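Okay, so here's the structure we're looking at.
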């Protein structure tokens, strides 16, 4: 939280999406605040605190302004909780309605790819992006609703960039890398 | 919440202050966000939800930016809960640390004066003022932490007025009434 | 809890009863389990835990078998919470339905008479009597529902004394003192 | 709850035990009260209410008197939650310490064998056996701690059968079936 340098979030690397008609990308979500809840289905703190909070945030805001994404970052018990079928059953039983991404497993490491790229310390983790896709909160553990709400209020109060700049900015950082905004796209 | 016309809050009319060295006025609090929690010590919803939330807000923010004020608006059981001694004992037992005002009783009506001036519907009530002293939330009942936090984040993101304008604005509304800001003070 | 010597409870000394058509005495409650919840209206632990538990116990059992009595043992802030009017307002606002006794104030001590006779350490306190009026639990602070329920189940499983013995036993301890059960009543 | 005919519980049919050095049988638990908590790891009501209650009961009583057994009765999402590895990971992450049995799957039905034999309606379910192994509570859904505690207190107050009768009774019902107690064992 607070001021300082806010790097753009790296792109999501996702094995499978749930609760959304088509894959989401941070690029197409520019202009909106994004709340990423990293969880594991066998993580008690995620089930008891993180996911209920994600649900409350999802229900409190218009998706035009703010999008909640659950990120299933399996880094242990892969055989049990790492499959799409396991996540599907969990989402069904817990009646989760917001978009959820199964973080792309790494071929050799136990830490999946988006978790690695975001340098998350564990689950639950909360990553909040501003309308320009920059990381404004990077939090391991639970953050209470009052503090999270305050941050979201601040970020929602920030104007979206004008369309032209936003478009340019949107091209600034993509899967191939990040370009200086004052440089023309190729 | 949301946009629209936001009138300045009327001045507080207080019989006695607790937890503060000198009386507070909304005028001297200009430049800060103000959260008013109206309660009664015999109101279960206030004791169970309103005051714990007021405590959380008081602890979450720097008083340079945001001030919480408890307002004891006694409109029933006056003999039991209406005296300064009753409020003092309650504050002591519940270990409340933020400034608390005993709303000035009316000579003939059961509704005390600040409650009347703010047109509160009952307790608990939540009134939030922006940095310019305008009413931005006027809520009867409980408001969850996520929504309250979001509003506070928005209001804290709004710039305080420049000192000169603020001073002028500050003279705009005082205990004697409200003056047009473009009119010179007498 | 557990085995051992269980003295009969001393009689209640009550300034005023609420929520009951006529005064209750432990003597007439023989044959039933009695749960005494000692509280003060300005005691946060009583309001948050003790009284909600008393309400749950009152609602869970038939009054033929078990009776809950609230005992307002004011030992501080007498001017604020010690009057019948204060207790009446509190009972009204918190919608308490079970019988409640205002413990008889002492003329010179701050500790009221029943609290003194029961040697309570403070509020909340829980005193549970078996069907014969003997003290089977004497607990300062909160006791969780599982443990309280277990004790109540045990006591309810104990047979009431046959009527004749009970009558004799009932005459054993009254407001004038306690007589040996093998001694004839005068 | 209450009086009436209380049939002996059928024997447990278990694919694998966790948190116990050797398999438990209801027969060897005669003389103690047994609390069976039937759950599924993907059942929100089990995770939020049933298992925390099982943990509280396990911690509140001496195992000489009362034994808690978790029974993982998988009747849906078998591929995800039905394996011993899945249950092992769940037990590890939720730090469950009491004995837990994986209910023996049926070869053709989705309902596992002990769940079938006990005629459970779903999860969470609570089955409580008295010291003689008879079903005294058969409850689908959550039962509050006060009511559960009351039942446990009643059952703990019941005397265990004399050893001779208990031994005879213990031979009455085993994995091969139930024999009339007045008939000699083969």
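All chains are identified by letter, namely A, B, C and D, in their written order; residue positions are counted from 1 within each chain.
As a convention for this text, a residue touches a chain if its C-beta (ideal position, glycine included) is under 8 Å from a C-beta of that chain, and two chains touch if they have at least 3 such contacts.
Everything quoted here is computed from the prediction, not taken from an experiment.
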Per Cα centroids, the chain farthest from subunit C: A
Mean-CA-position distance for subunit C and subunit A (Å): 56
Centre distance in Å when subunit A and subunit B are each reduced to the mean of their C-alpha atoms: 37
Euclidean distance of C-alpha centroids - subunit B vs subunit C, Å: 42
Per-residue multi-chain contacts in subunit C, two or more chains: none
Topology of the chain contact graph, where touching chains are joined (line, ring, star, complete, other): ring
Chains that touch, pairwise: A-B, A-D, B-C, C-D
Interface residues, subunit D side, partner subunit C - complex: 56-57, 60, 144-158
Subunit B - residues contacting subunit C, complex: 42-44, 47-48, 77, 79-81, 83, 85-86, 89-90, 93-94
